[in-house]
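Each of the next two complexes has chain A plus one other chain: chain B in the first, chain C in the second.
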Partner chain A sequence: MTRLLSRFSKRALVIAQIVIVFAIAITIALIPTIDERSFNLQRIAFFVLWYAILASSWNIIGGYAGQISFGHAAFLGLGAYVTGILWSELHWSPLVSLPIAGAIAAAYGVIVGIPTLRLRGPYFAIATIGVGEATRLFFVNFDDIFGVTLTRGVTGLSLSPGREEMFDPVNVLRLTAVVFVVVMLATMWIRAGRFGLGLFAINMDRDAAETAGVPTARLQVLALAVSAFFAASAGSLYAARQQFLDPASMFGFDKSIALVLMPVVGGIGTVWGPVFGAILYSTVQDQITSIVRNPYLPALIYGLLLIVIVIFEPLGIAGLLGRSTKYVRMLVLPRDGEP
Partner chain B sequence: MRLIEALISALMVAGLYATMSYGLALIYGVMKIINLANAGSMMLASFATFFLWQTFGLDPLAAVLIVAPLFFVVGAVIEAFLVRRVVNEKPVISLLLLFGVLLVMQAGASFFLGGDVRSVRPVYIQEVVHFGDVTLAYNRIFVFLAGLIILVALELFLRNTFLGRAIRALAQDRDACRLAGIDVRRVSMIAFGLGTALAGAAGALLTAVFPFDPSNPYGVLQLKSFTIIVLGGLESIPGVAAAAFVLAAAENLTVTLSKPQLENLVSFLLLVVVLVVMPGGLAALIRRRRIA
Partner chain C sequence: MTAGEPILVGRNVTRRFGGLVAVNSVDFEIAEGEIFGLIGPNGAGKTTLFRLLSGVYRPSAGSITLRGQELGGRSAHAINGLGIATTHQIVRPFTEMPVDKNVLVGALYGRGKLRGRAADAEVDRILELTELAPHRATLGRSLTLARRKRLEVARALATRPDILLLDEVAAGLNPTEGARMIQLIRKVRDSGVTIVMVEHVMKAIMSLSDRIMVMDLGRRIALGKPAEIANDPAVITAYLGQQAVAS
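Right after this comes the complex of A and B.
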């Protein structure tokens, strides 16, 4: 009986998760239809989904493969700028440039990953600090270096939209919901399949994984490329919604912190952890700026939160929820004992 | 002539760069942990030095003698309460923990002390000395000498004292140390404290040359010290010293021969090149030569 239940529940669990993903996306996509004037709610909904996409993309390399990236804002900013430049130079719709931006960021991820992920130890984490900083500087000085006018340096890049439909915030929100579904299904699929199994094996014991025939370096580079692709698509969505890009907001330290923080606080290496983290982060971020004047308080709180979580509950919010009941545990922590 | 001047001035900065990287290499050697909070300790030490100078008029170079022991205690406390709990976990965990510590240090400093740029101006800050055609600032010479003294003292300590040998033994084989009766926990704590004290010393020396602000930890200096230890081979103290000079020279030559904005790109490019060409760093390169 119990065996029957467990076999049944495994499939039911997958279906339940897919249903939840679609339910979230459809509910949010319908917000503008239900109430056309709910601009504030639409903005919040956009950023929850947007941060969830970013956090989930970070989780693929940081959570599944266990390679922490401290410079993931590089991929986010790259995606945003590719979309921005393709619009302002060639008038390509963000709908078209989103996959292009993703592909370019993925290629960048491969270039960064091949030298750094091949090695053991903390090389990747160290290199990402450099990647983030160097990419920011590159985009600040891009016009100077090449003698062109593309990124417009620190002044920022404005995407004056004209009458392009894809810049309507409602359409952007719907597109974001679609990307959210794609990202969630992708992370669930990776987690359940051979690819994810390989990544977890590397995360637990690289030598053992190598011995068992897991192509460790190749899988990790692939994970980084997938992660960069999704982070860059979030960048494209941001460019389409805000219609203004500058290096400080796209490549900034605060973005890279947020990208580490959300999955870790939510539950590193779990499917739903990044989503929990994104909900928490975007609400805190939204409220805190209106309550406290000091701009440094959030980072202080996040730092303390990070320490507390690492010491006391390494699986974050997902771990805390998993303690409540068996069914919640099955939903948020599909497999026992893994990160 | 400009080339020689650039190289000598690089040598002076290298004293500071090396000092800020020894601690990182030491802690990595002993605990196989990257101390992301290194630059945070350095920044806090700069603040401590600034307040010592402001309140008592204490020279930054003399402040090293007060600040370094203070940060030894800070490091030992961080090790005893936080790092010790995660030292046997996956590397991810310790990276995240120390990233949290860095955030707290940086945001805490900004929150309580303000985000302004500060600078310590000792009496000799404007003074220069001429060696033929080469002009050098006194403060850079002093910082270089301080870095040199710290290097020699550290090497002597690691080679000639029981504790120093225990630290080096721990870097080689943790389990063998336990078998040999070394108190691994205590030595780890001391090593982490010593590493943080070195970051503290670097923070004090930094104020004599550069202005500083609470936001500097993450970006530039952190990256530079990582580049240095990767180039130096992660665990070797003389390797770190040599790598510090290589980085400083590369930066100075870039500024002299090309665009000043590219200075900070240099450390990143160097990092990538080293990772691709010689992952073991300078130390491995020298070792390979010796065997061949």
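Right after this comes the complex of A and C.
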């Protein structure tokens, strides 16, 4: 009887979460319809969703499987540049190039993941820093290496959209809302199922997982590929919205750090933590640059925030919210250890 | 107990770590349905041999075959998929998962590859068998040692093995808990699972095993029924030294 009840309430919780995801996406997609001139709000809304997509994608490999990647900007930048190059060379719409960018990044994730995911703990993290930097340098020097004019090096790649509708910021915002829904449903589905349970088992004890039959290497590489796919789709969205790409901002180490920071601050390994982290990060980032002139001050604040969180509330904002009421807890926090 | 066909056969099994030969050309044949004990003083190579059987280590030389199928060089999860499940000497529960999820990992990913309700039903059955059902919602890290040891057995059983490797599952338990563990091992064997166990608790291994293999310094020094082993001069020498045999 109690199990039946828990099964029922589990289903209700899943439905509630799906409703919330759709509600967020639809509300944001309707902002331009309600007020056509709300450009600033639209920009903020775009970046909240954009960072949420990135943080959630990082969470699949970093939070679920426990493999902390400090080089995730590699996938973000790869996605952005695939969309940028496919537009400037072939005039393929971002709508078409987004899944292509995702697939290329996923393949890159597999290639990078097979050797690096054999490493454990800090060694994997260090290797990913190398991957991130190598990828950035590759794109900086791309044209020189191949004797072509595709990425235009440090000067950056400008997309001149002409009358292409997919570059209209309103359409980009709506596409971003769709991608957000897909990513959220994917992370919820992974977390609740067999794949997620395997990743959490690897996270807690890789050797014990292996002897219990979990194909740990294969599962981790798959998680990295899925994560890379979504990170690259965020890159495509950025290219479509900003219409300008340069290696420093796309592949920058600060981007990789932001991708670690958001899920950790929000609640690592939870479904909603990365979203909380993204909301906090994008609003702080937005405000801070207009208030403080020193570009290094935010980094200091984030550093302090990170230390406080790791010490006092390892589940971040999700953990804090979970302390408030039973219902909030049920929504933002999984039952202890329950994927 | 009538011994069945040989199910797990080792020939000349050797494992070196640099200059140290931890397991030195050991031969064995384990029969289907038996409880096969493995004893020896500290450093004899028992745990290394176990890790060779479960695929955590690869043999440096020799062969291990399961029903004629070579195991050497396969990964641990692949060996689990062929029907050998193992427990860990130092217990390794998934600490942040409740007991039932720990067992579910084995049910979903083990040889049974169960799905949905079939997996849940298997978890229920195994929790009953291992007397962990009342603790199904307890996190792995909050369990007592005795329950962690039973969880090791439960998770391994959930993978539906033909052979269960038990690495010191009775060690560190009080007499009551130890007796419960012995009972559990008997029940598992009676359900048709072949058991290979390493144990320092002599009472457990002597009363349970159909046959015992004794190792010392990486070599097999004796193999036989518990009574034969207990009176074997080589075994007594290994455990107590030369004088003990003389007097």
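Going forward, the second predicted complex is superposed on the first by the 327 of 339 C-alpha atoms of A that agree within 3 Å, B and C clash if a C-alpha of one lies under 4 Å from a C-alpha of the other, contacts with A are read in each partner's own complex, and residues count from 1 in each chain.
Methods note: contacts are C-beta pairs under 8 Å (C-beta built on N, C-alpha and C of every residue); 3 or more make two chains touch, one makes a residue touch a chain.
Just so we're clear, the structure is a prediction, and the values are computed from it rather than from any experiment.
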Answer with first, second, both or neither: which of chain B and chain C does A:G213 touch in the superposed model? second
Touch check for A:A201: first (chain B), second (chain C), both, or neither? second
In the superposed arrangement, which partner chain does A:V260 touch: chain B (first), chain C (second), both, or neither? first
Using the superposition on chain A described above, determine whether A:V131 touches chain B (first), chain C (second), both, or neither. first
Looking only at chain A, is it chain B or chain C that touches more of its residues? B
Touched partner set for A:L300, first chain B, second chain C, both or neither: first
Taking the contacts chain A makes with chain B in one complex and with chain C in the other, which residues are shared? 204, 339
Looking at the complex, which residues from chain A come into contact with chain C? 194, 197-198, 200-201, 204-205, 207-217, 336-339
Which chain C residues qualify as touching chain A in the complex? 54-56, 75-77, 80-81, 85-86, 88, 92-98, 101, 104-106, 108-111, 115, 139-140, 155-156, 158-159
Tell me, which parts of chain A touch chain B in their complex? 62, 66-68, 70, 115-116, 119, 121-123, 125-127, 129-131, 133-134, 137-138, 141, 144, 203-204, 253, 257, 260, 264, 268, 294, 296-300, 302-307, 310-311, 314, 339
Interface with chain A, chain B side, in the complex: residues 32, 34, 82, 85-86, 90-93, 95-97, 99-108, 110-111, 115, 215, 218-220, 222-223, 226-227, 230, 234, 259, 261-262, 264-265, 267-269, 271-272, 275-276, 279
